[in-house]
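One structure is given below, encoded as structure tokens.
The first chain written gets the first letter, and so on, giving A, B, C and D; residue counts start at 1 in each chain.
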Amino acid sequence: MENLYKHTIEIQPRFNDFDVMGHVNNTVFMNYFDIGKVSYFKAIWDTDLVDWQEFGLVIARIETDFIAPILISDRVVVRTTILRIGNKSLELSQQIINPDTNQLKAAARTIMVGFDVSTNSAEPITEKCVEAITRYEGRPFKREISK
Amino acid sequence: MENLYKHTIEIQPRFNDFDVMGHVNNTVFMNYFDIGKVSYFKAIWDTDLVDWQEFGLVIARIETDFIAPILISDRVVVRTTILRIGNKSLELSQQIINPDTNQLKAAARTIMVGFDVSTNSAEPITEKCVEAITRYEGRPFKREISK
Amino acid sequence: MENLYKHTIEIQPRFNDFDVMGHVNNTVFMNYFDIGKVSYFKAIWDTDLVDWQEFGLVIARIETDFIAPILISDRVVVRTTILRIGNKSLELSQQIINPDTNQLKAAARTIMVGFDVSTNSAEPITEKCVEAITRYEGRPFKREISK
Amino acid sequence: MENLYKHTIEIQPRFNDFDVMGHVNNTVFMNYFDIGKVSYFKAIWDTDLVDWQEFGLVIARIETDFIAPILISDRVVVRTTILRIGNKSLELSQQIINPDTNQLKAAARTIMVGFDVSTNSAEPITEKCVEAITRYEGRPFKREISK
């Protein structure tokens, strides 16, 4: 499963990511996954600057499993890949792990949908987007109707 | 469905909740749901101060559906209820809505599990917790084996 | 000194405002002062929506004194007023206090300067802005050359 | 002036550090300076884990000058040094710059005071702390009475 993830980024923690129990707050896990997503799409588009207005994808759903607390002593990385590309949506899979121990901290499944900001309406995933993902991941994506 | 939610709290937005598109950032929705959760448990325990060490519940899973963007012009509230209490887990249901238009912005389903911080191990939901929820919600909860 | 402040807003705390010591993190005080500033300028412009592009003011300097920690048991409000209006800058004074005990938690002095976003250059404080502040504060402001 | 700063850390930006104008929000500058401070004290104590309860320093005052906006296209680093050690306080100097252009984004001067968490009272800066700073900075600090 591990080698599914071509993309990994280490997180730089901030002091107030940690709550009174000395754990990274649940809400902050979302920031960590977000850092992974932004970095992933930069890698795919091969650009330092993703133009989110042109980007054509918005987040529709996130499912997150919290497996273990992140402590102040933990180094953590986020791994990101795309599992499936449908007609109007794609499915992103992410993990937060401690790379020193390989302990899984949290996992997230994110559904992103094609969206045209200028017309404010749902759109199919663009071919350009599918090509960029396919090139980066180095494996074919059979387009299917997403749920 | 609406009258399921006895508990509602209005969110005080912060200027940097909003991203470059003028929308509340996806990660910040988690903070809003969190404000709802803390306020809900304060109401249930009838206390201004929830002792999280004694609290005996941790978040295991959150599923979030992002329905509509929250704009700077939106007022938003979070509604929270508990749908189901199992043996070792309970299920929380939350919505973010604009109370002026009743527009649903996002919905979340959260699984919390019984946990003893002192022994660092999973525990059944305490009877005290079930009673507090039952009293607040004013409806019976049939205990069942949680998934 | 207290009656200097016509504008007061209570802060809605968020669970991860608090750090491992159970205190509101120093960086989060800035968010609290920011909530005060946004609310103050809404009151002055008598609008729910401040158009920050048109607003014509940017923050040049903030001096903050941290007097006492904010604990989870504290209610806090932010008080805001404008002390001085110069030619190209104005000086905002703010306090964070616990309104139940009147304990001063922190004080901030903020220098804002006139700025035209469209030309990206410093500008005098607009007369419209001076009038709005004077009307709200109910006391005259002698315009002077700001430092 | 530049070589005053032995300690530099690059900041990993987060998507919602940026506000509707596409600039890092003023409040987030504090997080950036905070990352610099934590990293600096880790370097001084030569430890991955600063025990803040034992640490013996709290922030009394921060003065921040906002010089230029941080854009999404900017890389930024925080530089940190200690300028002065008094009897009961020390003075930290920090800059946020774009290392590619050397553009200064913001500067901060922070006063930290000796503090014993167990007795909740002000304390002189410990000799151990002075030694650690002197060793790291590689220059002598004449102890003087702080203001």
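In this text, contacts are C-beta pairs under 8 Å (C-beta built on N, C-alpha and C of every residue); 3 or more make two chains touch, one makes a residue touch a chain.
No experiment lies behind these values; they were computed from the predicted model shown.
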Problem set entry | Most distant chain from chain C by Cα centroid | A
For this session: Check the residue numbers that chain A and chain B use where they touch, and answer same if over half are used by both copies, otherwise different.
Result: same
Problem set entry | Centroid distance [mean C-alpha coordinates] between chain D and chain B, Å | 37
For this session: Determine the centre-to-centre distance between chain A and chain B, using the mean Cα coordinates as centres, and give it in whole Å.
Result: 24
Exercise. Counting in whole Å, what is the centre-to-centre distance of chain B and chain C, each centre being its mean C-alpha position?
Worked result: 32
Exercise. What are the residue numbers in chain A that touch two or more other chains?
Worked result: 15-16, 20-21, 25, 27, 31, 34, 72
Exercise. So in the complex, which bits of chain C are touching chain D?
Worked result: 20-21, 25-27, 30-31, 34, 52-53, 58-66, 117
Seminar exercise, completed: In their shared complex, chain A is touched by residues of chain C numbered 15-22, 25, 27-28, 72
For this session: Spell out the part of chain A that touches chain D in their complex, as residue ranges.
Result: 11-12, 14-16, 31, 34-35, 38, 48-49, 72-73
